[in-house]
């Protein structure tokens, strides 16, 4: 799989984990997710090294998982701590991966690369979506039968809103001015529609001439976690007045399938809980009926061929997704030792 | 795919096309089929060269298709005529295939090979099925999970009727005298059961001795469009008195799946519309319950291995299908420049 | 496929065969199974050598099968005996495999290797399960989406009962003393839990201290037919008093799927017919809800990679399945002429 291993990915919403272990494939690897007796999250390799049984079919006691096939028990560090068969000798090689996890901003983050490189300071910062001034709805999850990079492309180039989402997209969204800024493992793709006709849902902001400066600013925490700030203000005022935030996190499942975690966060003084939940339900509806059929349709026509090998005809608006792809390619090359060390 | 590209294939029944574009895979290629404002048929490549979106998911305005993902618009000649994103520059390479089509005899014919070689005079002639003296039923369509050549083999060697279709087949049909005649890209495989016991549905033709000359004459317009004339007359009279015609057109979808278009045409003075429709319904029933399960069963046992590699044991009655296959192989070799130019 | 060809496999329960031919894939080969007019079982290759039609779709007259596509007829020895097409010449190469079969102990056994090596004396001996003193229930069949060797591993290492089957397994079952004995193409893997707490279903045997010697003795007739004797007696008495027998026969279907035939046989003086049938129904329930999900889960995590290539961490209790695998590997090597002739 073409993925960056040394990175934090969302494994699940915190709300998805319990003391009942569950299985999820992440970056092509089988992962068991559960909660410890003390409530904290755990992620272990979900394949027993003995006979390759799915460990989540076994018994989790809050601190260790016992394989449901022949009873090997693995502790939180992935080592085998009990062999209840025969005379009980524990083979030294009997171990499963134990992944670093961290719960933050409603997400269970997982690090599947080199353990020593795991640094929680590198976890994408979703705190803005959880600020006290905000009211949020989260827990959105969809599975997409397309490679995760297609979903990143989709989100980084929001020109598509003008065409794929007719109920709220406007033509001007395809024509905004795009600024691409690189931060420390962060790519900002900011889009400004200056002096445009306000989309219907932003009319309240506009004056009698119905004009606004409308912005769609996407922050991509490399490799695949995104926050979109979507706001408007009267022309010339700059990006003032706050903006609804939406979270868009994709995690590779397999080469051809993707986990998609989505959420929304609105100004608590302006939006009731009901309104926020309604927006969240609309998000899901739009993804389900518009984005996902399109992405899966593209993937079907691409087959298993790499995007570049298909020689796509690129547009100016592809600058964002192309920059994201090139950067990711570079990070993956560096990780595998094939590229030069980039300045972090 | 092992297919002849420079040839006319049936893409659809005329009745299947409307101003609502539809997608169909033909010769392994994604094709968009629609009608122009003036009612004429259009066939375009169905894959946007930008992000490989299925174009039929976009908007067809009667003269151009706008991609539903990022809005590129393609005209009837396949060139991009509008880029509504950014500053609107149109990349020169942004084009999709525009296929020659022709509507004739109820079919939408498509030419997917070299455009300059497309010659409507080469379209298989189904006019006999639509003569004023005839009453026809058409629009029959089935999808077969088998390679298209298996269906051609099936139709060219009608010995199988004696065994696969017990409700109307007779043993004599497997024993007729076969004449194979080559025309200009046409293969005639004529089968005569001279002085045979009349099948029940031809008894009316026979005299008191119940004997007839029964013929099953298949015309294959290379590579894959067929008309069957199935008639009978009193012994020794020759092929007189007209014959019911049935149309059997197969178009490769993928290596392992096939479009099958079928129709029937009977003497209008002898058959009511109801009778013709009933025959058509019976055709479908027979294909669905007898031919298709058999073809799909054969394909499953052949896997993806080529017929010749499996070393089939051939019978005398295979002369027709073998000739059709060898000829098709030769045409494909010539097309790819690997064979010598055959005399047309 | 990694299978031994020169061996007897169960093709079906006798009760599954009738004069209506049926198709079953065995060792990756399509096989037609039917009964002759005299009631005896027949197994023929199910693929017509002409156009590769599934022969079971044709007509079986009790002594020959006529292909349902073009009418070739094959006799009991697999040669073509009739060509009803054209002038009726029979191509010499028109033949299908005719497999040796034998009905014994309720099974239809099939030999798919070299005909001259077929020796009914080599048929696994299931007579003990059918002794007059026993009452049996048979006919159990399940299809498993896992390689047949995973099911053999499962059955040869019954440590798993302690974990996978909580309703009747006990911890001691994972700790018994294992004896592995090799016979003439038979592997005995005997397991004794001496002086253990009696499992609930064996309490009747125990004295007031609830202790028993409990044994689980598996007999593997190479390559894949098994009988389990599962009994208990008061400590120190040895294996006395008879034991319930269960039959576990696996036959490779494809690389990734397996036929599983199971049955049970109990002491007729102790168990009513109803009780035996109930045990048989419980067997099925356990396989369906516990073994099969586990095996299919393992197979999914192994993909198409060979067990050894995955470097399993082996336990002492793997001695049985490892011995069975090594022996099978050796037999397959010998058969293909790559290994040295082993002493039979």
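To keep things simple, chains are lettered A, B and C as they appear, and every chain counts its residues starting from 1.
To be clear about the criterion, contacts are C-beta pairs under 8 Å (C-beta built on N, C-alpha and C of every residue); 3 or more make two chains touch, one makes a residue touch a chain.
Since this is a predicted model, take the numbers as computed values, not measurements.
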Contact graph of the chains (line, ring, star, complete, other): complete
C-alpha-based rotation, chain A on chain C, 0 to 180 degrees, nearest 5: 120
Interface sides of chain A and chain B: same vs different residues, half threshold: different
Length of the line joining the C-alpha centres of chain A and chain B, rounded to whole Å: 48
Numbers and ranges of chain B residues touching at least 2 other chains: none
Complex interface listing, chain A residues touching chain C: 30, 46-47, 49-54, 57-58, 66-72, 83-87, 89, 91, 93-94
Of chain C, residues touching chain A in the complex: 153, 157, 159-160, 162-164, 171, 174-175, 178, 293-294, 297-298, 300-302, 310, 312-318
